[in-house]
Amino acid sequence: MRVIVQEQPFDLAAEVESFAKGRTDLGAVVTFHGIVRGDDTGTLDHMMIEHYPGMTERALTTIAQEAMRRWSLGDVLVLHRFGEMRAGDRIMMVATAARHRKDAFEAAEFLMDYLKSRAPFWKKEYAADGASWVAAKSDDEDALSRW
Amino acid sequence: MRVIVQEQPFDLAAEVESFAKGRTDLGAVVTFHGIVRGDDTGTLDHMMIEHYPGMTERALTTIAQEAMRRWSLGDVLVLHRFGEMRAGDRIMMVATAARHRKDAFEAAEFLMDYLKSRAPFWKKEYAADGASWVAAKSDDEDALSRW
Amino acid sequence: MIYDVLYFAWVRERIGLPKEKVTSDATTVAGLVADLCAREERYAVAFSDISALRVALDQELSTFEAPLDGVREIAFFPPMTGG
Amino acid sequence: MIYDVLYFAWVRERIGLPKEKVTSDATTVAGLVADLCAREERYAVAFSDISALRVALDQELSTFEAPLDGVREIAFFPPMTGG
């Protein structure tokens, strides 16, 4: 299990390539990565992700451990960036490896649902016409109720 | 949308790296890849995957198109190998890109469920003590009923 | 009519070949299967449990009750195990 | 007691600093918030709608009713938007 919080870009290809590599007991790997979307009007200049150093690592570790406890997983990776990002940049990724695909898929969705609402990150968008904090979505809070 | 059926190994890292790259309208990418598991007793020597040339490409294309129709997706990749493989080798992958994570996750699970039971591949396992065809699981057939 | 008939996986192994031309007056898949079974023991063995088999007509999954009108290629195989 | 109090996102912006030492006799988070609001307008503005805020005690999510016994670090922030 690995939990990484970093400012610099991450190497998605290398992370996916090395994750669960050589394991012959795991048949299924699911990955998710999030990308900064340009906003609908295309005016997004950049995004700043603020986080709570210390608590962030604890929260991500707790979420990853909970996934390992609930599903039969061979490995879990959670990686999240903070700082300045632009449209098209990769913000974060999770990966799960399991014997069977159902565990890998469910655990990855669980990780994402918890990351969205329980990990201390806050996004602020900067556009030509000003800056604004991204509001939490009630959908994201609701998504937790299924677990 | 890309559908690939090939005998040679594929470059997972390169496929993941290039998939949806540079798109600023998509916030979520899900990938799945399947790995040949060693069997429980560790006696698997190799696996042969037989397929139905022509029908395979048609079936995968139909499944990918159906995913594009049912969910709001920016891109879909389905790649499946045939021929000889050993424990730890990567058999296949799917990738889905969407504006929101729910579409990307559901579409990837849909693709996998349909690939398992509706794409014309058959696996035969060769071990020290003989060879046997992998039996279809009723679980896999049942999984289709949720879509 | 003359059909291209294909066999995969253990159906191919039991019948002993991957593909053959079959001439039949059958109007349905089930009728064609009956013709094959009447020919030789190896067909009767391969088709002994139809519920364990699948059929594709011109590369689309179909059923044993389906008519053969306009069909060129018929494939028999066990349930698929992709992924 | 003296606490390390942290503010994030727009709470930080409204209060105008990321972190400060706060001395308070309050026994709960809500009591500490009342103390802060009584100090200066900018606190009253930041904490005007408690339902829009979250609190963490020693880096674990908690509630405004929670006691402060043994707590060293208190953080206030809006609902999180990770992922």
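Should a chain be cited, it is by its letter among A, B, C and D, assigned in written order, with residues numbered from 1 in that chain.
Here is the rule we go by: a contact is a pair of C-beta atoms (placed from the backbone, for glycine too) under 8 Å apart; a residue touches a chain by one contact, two chains touch by 3 or more.
Every value quoted in this text rests on a predicted model; they were computed, and no experiment measured them.
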Listing by label each chain that touches chain A and chain C gives B
Which one of the chains is farthest from chain B, going by Cα centres?
-> D
Averaging only over C-alpha atoms, locate the centres of chain A and chain D and give their separation in whole Å.
-> 26
Centre-of-Cα separation between chain D and chain C, whole angstrom | 72
Averaging C-alpha coordinates per chain, one finds the centres of chain B and chain D separated by a number of Å equal to 49
For chain A paired with chain B, centre-to-centre distance based on mean C-alpha positions, whole Å = 23
Provide the list of chain D residues touching at least two other chains, using ranges where the numbers run on.
-> 83
Going through chain A residue by residue, note those that touch at least 2 other chains and give them in order.
-> 34, 101, 112
Chain-to-chain touches, reported pairwise for every pair that qualifies = A-B, A-D, B-C
Listed in rising order, the residues of chain D that touch chain A in the complex are 6, 8-10, 12, 56, 59-61, 75, 77-83
Chain A residues touching chain B in their complex are 12-14, 16-17, 20, 22-38, 87-88, 99, 101, 104-105, 108-109, 112
Would you tell me which residues of chain B are touching chain C in their complex?
-> 34, 50, 52, 54-55, 58-59, 80, 91-92, 112, 115-124, 133-136, 140-141
